[in-house]
């Protein structure tokens, strides 16, 4: 049995598909997120974080998803050249994930997809609590593409814009718990997913989990840990499923 | 019963999400396509055509689909301001269709989606004959999103790049017929869709239809005619399904 | 590219699968409907209307659907001989549509099927507002046969019999809006279909559309316009899907 | 626990939805079928058989299915008045089954539906061997309506018209076995259904079952036995699912 | 046509996969159930009943389902050697049904599966009323395995443990009716299944059926009658679907 | 953000649901597998391995699956008391996984389920290559239960019994590659799963992956790494989905 790589360092890049460093949140927020990821990473894992030069400040629509993709793909392609072992696409909607997988050979992980399959093995029916009603259709579409829509009980939103989630943490947390409780009661969910990366980095998922008494999937954690799992298992998305664009000559 | 609009002229814009005028095909090909569309349009319809300034020369991958979207959305937004009554997104993969529908109120039609629902009312099982194996996964994904995947018998490709389809028309036509015949025999299709706009404008769909003895859906024709049908029925995609991005303040 | 037919007149027959002219509504209602269709038809389209000699006065059950079919098929077969270019089967339940397609080569359009695929491209989830609870099961069955049941959010009824819909237009309109609003709120619909041809000809669809703020598909309009679209695109249902009955010797 | 009815005689009518007695087969064939049914019925069951006055001679298309329905419904309604305890609709395609259930309260059984659910509990994937390619689409549609399409592996035909099945019994039997073997090998079936009542009464199902080594469902047997099971269990199709046509005033 | 067996006696064993005779209910309850089954069986049918030596006292979880299987399979294997013509697995959850079918050639019937397919031919949407919330997930899973999940409207529970169902018959009956009425109203069911064998033997199904006005499927009755139907039709589960375990050397 | 556990040791038990130590393979094989797992585990992970006292020697049927469950559940319950942080159920068919999750609070991982969701994020269509035809139905059933059956392209077998897989490693490897190549070509798979734990521990998955050029999911690796991921993310299967058996009084 060939060994899985362990002795050497694993380098992971977390790419935010937006211009977060130019928003109010600034570089500081990037640093804060990096620290959280690094703290939770394996001992031999080094996590770096970056955002992109050109794109939306945050993503609450299909339109903003698409705006973010060209620069993010470019950043992912570059990361492979820089020797990263894997990339986390830092938006729950996984914008452009298939394109990134076409362009590189290293594993690129989407938090939406990863959280959904994790939820699928933790229970029978999961609900996603996300930011705004405007992203519900595209998360339902994502579940279909991932192939687990039969386990999706519902997508519900707190109707707080991404950039305001952190303004009043208590309000946000309370709203998330409220929507999750409706999902449990009304949609018969048995697993909850936090459906936004800014929620994921608020440090509230375990408190909510305790409160609800059912698993709460934090997309930041599971993306990190499952990417580590894939890298150490020498697994990368299938090039037969995500072929290199023929015209680009590889 | 409120009248449907008839007396006034209907203005339609066909937007090519790529830089066709900068390729070998050039402005001439745009002119040729416009002429075909105009000829087949209703008497009071005026069809204009345009491509985009920045984007891929042709689309044979998810990556190129995404590259095309930002400039195309912008062009569609502008077309609404210019008073167009509707837009055809001129690529069979419908790249960014949901974003365009978020950003405008006039109907935007995707040839892939439109062809698939047309095929769904013409038979029980349809096959799509497209250009390259590399686009098969994203057309299968499109069928799921449209919601007609239960009638999709197969997607098959001729493995000729978009920009070479016209190099030898006879070879292309022969290859399409060959793949369609396999679809009939092996996948039990009863309707064929030409799965690429450059195929659609080659003027071969009716000959192939006659040869095969089953309906061959030409995405250029049906997009045009169904867009006219929607406009004259005062129907436009639901803003509840495709809401305006909240942050952009409308 | 072969020209689509435009220069010559397009002749369409709207066949009511019931004995409307013998009901209270009488020939007058047929004339009124013909006028509405003609007004909304393309400039070169001539629309005729007919009902059948023997059959139900209106259709609110599977039983009445079947009663209507033999005479209606016969009328459709005859219409092809008379040179019509296409037929609209004038009942939302599309009774016997497959049989009609077996027996003729010209396109026969069912308003139920046509409205459902139109709704499928206008949004993510559609609801049908129909006349009586008794037809809900067969409309749900129709959605399965058409292949778009994944986008069907609900079928709801106003519980007013077909022949009484016009007795008090204001009540009917109010009831439709009420049910549609429940569909929006409770079933998360983003498109509404008027699920009865007598509703379609009441001239209320656009007012309801304005009121609800989402697309309201009028089966009369879309059947007419999509039939015109098919005829001008030289498309007819697949004879491989709807073969001529073998014993009848064609 | 209320007793199930046993002491009194159970009267069943087998209704052939066609004019068999007027074909070459004649009254004799009706008598022969009645005898087979009676022989296999429970001790207290009396089976009668009838065909209809007006309708197709045999059914190999949707068109002929619909032609058979009005007279057959009438016959079923009459049978309830005559005191029959249940009816078998004697055509594998179950033409008009829902209408019959709307019009009476006694159980009406369709051989297609009954055979499919029986096959569903005998294995994981079933195939139907039927008469002509022309009925394949409507049997696939039937499986969807019954709700067991996920277990339908395939519908295959011997391409022998109904009225010629008995001309050369050996040829017919050989053709059925050939198609069934393809279904086993190619479609991975583990249960076979004889998809035509004229096949069912040829007395060959058990020989084929022995030959193939897997269950062969005979629609005549299972319709009879399951109808007896329903009657003795006091079960009849739901009037909530198949409501009486509202206008007919019951 | 080979005769179906009628002249000889049909011997059926009802196996309770639990240690009922060791519970408070005792041998007496086994005797009572046998009597009910015998009374409702065909004239030539002899029904025996047995429980198992080692296993759970009742089944309200997946864990208890599994505990019951080894001894029950053994009892089923033995029953085939003893000459039984068929076996009813006496628990609504059908625990280990596939294993039993692997190990014997005689038909083994699961009440859950049998009731679901019976419900599927009686209406469009069925609900199961069962004992405890804890078995809802495994009944939903069973519907998927049977292949009729598209007709499953809901599983609801009265939240009374199996062994307490009979303590106050009136309370139990009232609770079942209450849950069934919610299923009708809220889940749009048109058929109800009693989802527990102890409910089935309480002698209340017909009273509930009368009260609700829709079919109430009693799993004890339909298992008995459909097993008789299979035996007399010479049908047994497919050995291709349920092959003998290869290592055990048959 | 609460820290994920890292500083302390993570203890994992791999439970073989069979009596492997009593077979020819003996304790030695258990030791060998433990070593492989330990080698691939995280630095702070301690892996133990055990089999069960009573059960089948290997699993190639549903019957043997069920035989293994009672003792394995007991072992899992005990492992929780012994302080293990998580358990891997060491059989690809995941026998009794739901029961184990009912009985404990620590995460229990099934290699079948875990491999399928991993495959679901690596490509569009996966195939499972397993030991014997006799387990194909239960793996197809597992895919339905997990909820990813829409991505399952096929289950294929090498038809070598579990206990003989290691007799001639070259033959086994060659057979696996052959079947995988058929899956790629014929079933259009883009990811392969080794569908048996004895295959997983043969040390051939990466060689096969290289040969095929697409991801080959090794269920031993991914179970280990994803269990580590769940433990470090504080995630355990939902007790709402897998409730404790009510009668057992917790």
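Going in written order, the chains are labelled A, B, C, D, E and F, and every chain counts its residues from 1.
Here is the rule we use: a contact is a pair of C-beta atoms (placed from the backbone, for glycine too) under 8 Å apart; a residue touches a chain by one contact, two chains touch by 3 or more.
What you see is a predicted model, and the numbers here were worked out from it, not measured in a lab.
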item: Greatest separation from chain C - chain, by CA centre; value: F
item: Relative orientation of copies chain A and chain C, as a Cα rotation angle in degrees, nearest 5; value: 120
item: Distance between the centres, which are taken as Cα means, of chain E and chain C, whole angstrom; value: 45
item: Whole-Å gap between the CA centroids of chain E and chain F; value: 32
item: Averaged-CA centre spacing for the pair chain F and chain A, given as whole angstrom; value: 26
item: Residue numbers of chain C (touch at least two other chains); value: 124, 137, 241-242
item: Residues on chain E engaged by chain D in the complex (per definition of touch); value: 1-4, 6, 36, 39-40, 42-44, 109, 113-114, 117-118, 120-125, 146-148, 150-151, 184, 190-191, 201-207, 209, 213-215, 217-218, 221-222, 225-226, 228-230, 232-242
item: Parts of chain F lying in touch with chain E, wherever the complex brings them together; value: 57-58, 60-67, 69-70, 73, 96, 98-99, 102-103, 132-134, 137-138, 141, 144-145, 161, 241-248
